[in-house]
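Residue numbering begins at 1 within each chain, and the chains themselves are lettered A, B and C in the order written.
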Amino acid sequence: MSTETTHDDHHGPARGLSRWVFTTNHKDIGTLYLLFSLLMFIVGGAMAMVIRAELFQPGLQFVEPQFFNSMTTMHALIMIFGAVMPGFVGLANWLVPMMIGAPDMALPRMNNWSFWILPFAFTMLLSTLFMDGGAPAGGWTMYPPLVMQTGNAFPFLIFSVHLMGISSIMGAINIVVTIVNMRAPGMTLMKMPLFVWTWLITAYLLIAVMPVLAGSVTMLLTDRYFGTSFFDAAGGGDPVMFQHIFWFFGHPEVYIMILPAFGIVSQIIPTFARKRLFGYSSMVYATSSIAFLSFIVWAHHMFTVGMPLTGELFFMYATMMIAVPTGVKVFNWVSTMWKGSMTFETPMLFAVGFVVMFTIGGFSGLMLAITPVDFQYHDTYFVVAHFHYVLVTGAVFSLMAAAYYWMPKWTGNMYDEKLGKLHFWLSTIFVNVLFFPQHFLGLAGMPRRIPDYSTQFTEFNQISSIGGFAFGLTQLLFVYIVYKTIKGGEKATDRVWEGAEGLEWTLSSPPPYHSFTTAPEVK
Amino acid sequence: MLVTRLKRLLTASGGAALLLGAPGALAEYGLNLPRGVTPISQEAYDMHMLIFWVCVGIAVLVFGVMFYSIVSHRKSKGAVAAQFHESTTVEILWTIVPFLILVGMAVPATKALVSMEDTSNSDLSIKVTGYQWKWGYEYIDDDISFISSLATPHDQIYNENPKGEHYLLEVDNPLVVPVNKKVRLLVTASDVIHSWWVPQLGMKKDAIPGFINSMWIRVEKEGVYRGQCAELCGKDHGFMPIVVVAKNEADYAQWVAEQKSAASADAAAAEREWSMDELMARGEKVYATSCAACHQANGEGIPGAFPALKGSAIATGPVDKHIDVILNGRSGTAMAAFGAQLSDIDIAAVATYERNAWGNDTGDLVQPSAVKAAR
Amino acid sequence: MSEAHGGYYVPHGTSWPIVGSIGLTTLVVGFANYLNGSQTGLTITLAGFAIVLLMMFGWFGTVIRESEAGYYNEQVDKSFRWGMSWFIFSEVMFFAAFFGALYYARMLSVPWLGGGDVETNQLLWNGWEATWPTNGPGEIGGPFETVGAWGIPAINTLLLLSSGVTVTLAHWALKKNRRGALVMWLLATVALGFTFLGLQMYEYSHAYHELNLTLGTGVYGSTFYMLTGFHGLHVTIGAIMLTIIMLRCIKGHFTPDHHFAFEAVAWYWHFVDVVWLGLFIFVYML
């Protein structure tokens, strides 16, 4: 076998725009993903601000109901598919090869494509805001028959979901293949950092469920334009069938957004507790159990659709079971901190905040799982509060933690610790002002997805909106901190953190363009 | 005004801080699920509180340990990291204990669920139909049926007038049920999915077009109970409230009698000729409650979504086509078949109105008999 | 395990992905406009499709050249294998969505509408009775007949099963480096594949014109055509890929121990085969 041209001859990156468009380098692609994610977080957040502004008072003030529904729908689609998922994929791109001692991702060209579909998909999705009939307004869950009333935006919605799916599947395949095939000698599966483990399982979930989403929206498309009757009772179909197929994707999807977060937190807590992760192998088993269970709980989103009693019971029991492996994770994190030697730099603060607030979100999830009471909670702000706790103080906080934790490695510069801590505290305070009152709103009977509400809900909505604006503004601070760190700052050491373990810390900060040109030996 | 606003805001935040501390004093702000007035709602409430306190208990334990170690096991206090990092015993322990707790929750939950889903032996059945954006009620054994839509005036929603006490939670024709009777509700929809929910009655069921879901309620206290549609159903999802009036047996019987005589009067009225003025007056009302949500009060619609009726070829063209659109709707669009919701008189009136309002001065007069013939 | 950078081929920058993105976007934007009633939509769709084809030629061409130049060591080969396996898994899940729809309609929604739930049946559908196949209580699409399992579908099953055998024979021939037999068996496989497609087209035309079984025939027509249609699309893609592999074999590509592309296409072909068995059982027979 010839060896002379087994790789790129010039070792540095290309210059200018073409570096980013044509790159096959995992770090460049990781950076693209992360910046894209930040951009989408701002766009989706701006839509959330419209929602919170309209809900500041009863009555219609700023936007018409149809547009409000578009904001809700687009906010969710952008946050989920544009901010959180690409954020995690960006981290995987940066970190997985470095953590397992590989030169790059296994399929570098496809890696480029996975990313470069996204800007097109989201441009398409955002362009629907300017179409006849407005942007999609049927909720991110796209339930028929309502979604069929979407105007010209309808096919654009469907096709952008298809494109996002293609991107996610290719990204996930790349990650699985990298993990199974590119590990350095001695890096056995049970030696892999937990972040790698959680991503392996996440990628598996992605490959399993994104095609199902594609199938379900394809049926929407043919029902609307090609005369099929999958979701039409007159033809023997059923609108609820869509919900089953959608949630078969949708529930694993929410774990897709939390498993990598578990991985991040499992990297950070041991570092700052200066103590090995407690119960490594049970963490791996718990993650796998969560993934398995995630396939058999989907109908807990549909307790009110009129399922037979046995179905309701099955899905209630299965859903409750998820608390067990998730609890194992929480207990292991706490035990890792126990008798550690802890310091609280910004990444650790975000990780601790994650553990507390994710658990609160988990508890409300458990309450939702109890079918007889979900009849009361369903489609109220209690649900909104639940999923923002697991998504914002869960997934997004873990992304923040990861950014602070690895930014010195990525850029070679330390971030501003004072500002980082300020960012954490402001975020934590305001995010609770934002979402905690929504529990009360939901219990008191405020439905979700409404632009106007009866006057008894005014006070808590005002508190929530104020929290929302403040939380949003606080994120500008984050943008500034990132900018400042990229521009310069105190030089980071290779190890960066005193207690950091793992191959990525053996590389220089910033790491060389090709991570491990010779595979490291893992004891 | 501002001061009271501020005061309410402050008490509300104080209330939030107190959590569920003093339910009585804070009831005004609705911090918690209502106990409700049906056996179902009370079971749900009890389950809710049970699980809430279990979660609080676990939270105190877990966060207690965590914050204790955050405070004491920090480097700045000279803590040195211990070496232990696994223990099969504790892993097994903290798998089994939560599992048992869950089993403890599942038992009462199963019991509650089984009784909620048992719709047998009901005293009365009412068919509930969701429309964009109003509810239709049909008393299956009594031959009573009516449409119930939002009664809050437009100007309150657009902040031109102060909001009333039951802002957005008031309807023209409430659902009336007898107390202490097992009432079975058969829920369905005609266009998109809606969901029928009154928190005080403790049940929520989706209304699925083409399918019927059943649920039951037994209201144990006379009174007026308010709720809302709980499934996104388009633009005016936030504006389709539900009001249930629970009456004692005598009052209920009287109400039934009244409804029946009103229905026969209507039937008689449909037979006679109507004058332009009568039709226009009635048509304006029907238009405001049933059509203006989409086609707008000024008949100009919303470009790209809902067509203008002002000057439309249909509303100024042949009468039979116009009646046909209203009766049968346009399948695959938001334009529903109003034949199922509106009486012959209403359709005649609204057609007449549309043909003569906003400068559509066709001068045409549509009689109820014409609608009857077109059905 | 990893020989790292020295051995693992990490390509230069590449321009094909961005071409692919532009192509895909053009394709779907064009098609969306077409669905919205724009005349030019289809032209744009075709342009997008052409760009995608160009990208595929370019991208695969590059990969083939690199492969033939021997850049790919065993580990790269393994990455491709893993990648292809997971891709096929994702395809399986795509079909699972439609099989799920078939299952749901047949076992749950149709029985529910047709008397399984008395209220639904009496109050909304005038006592309509559940049957299968059906076009629902609204009789969407009008009266229709179904395609019997033991005519063309049975023949097609035989064709696909034998094509699975021939492609395996081709593989053996390749491993023994018997090039003549290799090309011959591949040719047989491709021929079987295209015959399958021809019969399928004939069957569709028969169903549309004589049985009044169309995509719009209620939920039966929907599931029937979506399942068999997507399968047919996959057979088409598979047959085209086999043809390309055959041409490459004729050109002398592949060695007895280095022929991942051949195997990938063979796997894909087997996958298409297995899906067909599912279809034959659940769509035609039961």
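In this section, contacts are C-beta pairs under 8 Å (C-beta built on N, C-alpha and C of every residue); 3 or more make two chains touch, one makes a residue touch a chain.
The model shown is predicted, which means the values in this text are computed figures rather than measured ones.
When the interfaces B-C and A-C are ranked by how many C-beta pairs touch across them, A-C comes first.
In this assembly, B is the chain whose CA centroid lies farthest from the centroid of subunit C.
Central chain assignment: A. Criterion: smallest distance from chain C-alpha mean to the mean of all protein C-alpha atoms. Chain geometry summary: the mean Cα position of subunit A and that of subunit C are 31 Å apart.
Averaged C-alpha coordinates give centres for subunit B and subunit C that are 45 Å from one another.
Among the residues of subunit C, those in touch with two or more other chains are 112-113, 124. Within subunit B, the positions touching two or more other chains are listed as 210-211, 214.
Looking at subunit A, residues 152, 232-234, 238, 240 sit in touch with two or more other chains. Residues 112-113, 117, 119-120, 123-124 of subunit C are the ones that touch subunit B when the two sit in their complex.
Those residues of subunit A whose C-beta lies close enough to touch subunit C in the complex are 1-3, 5-8, 14, 18-19, 21-24, 101-104, 106-110, 112-113, 116-117, 119-121, 124, 152, 154-156, 159, 162-163, 166, 169, 172-174, 176-177, 180-185, 187, 207-212, 214-216, 218-219, 222-223, 225-230, 232-238, 240-241, 244-245, 248, 514, 516-519. The touching residues of subunit A, when paired with subunit B in their complex, are 58-61, 64-66, 69, 132-134, 137-139, 143, 145-146, 148-149, 151-152, 224, 232-234, 238-240, 273-282, 304-306, 309, 312-313, 316-317, 320-321, 323-324, 327-328, 330-331, 334-344, 352, 355-356, 359-360, 363, 366-367, 370-373, 375-376, 378-380, 436-437, 440, 443-445, 447-460, 462-463. On the subunit B side of its complex with subunit C, the touching residues are 127, 186, 188, 210-212, 214.
Residues 1-18, 20-22, 24-25, 28-29, 31-32, 35-36, 59, 69-71, 73, 75, 78-80, 82-83, 86-87, 89-91, 93-98, 100-101, 104-105, 108-110, 112-113, 124, 134-138, 140-141, 214-216, 218-223, 225-226 of subunit C touch subunit A in their complex.
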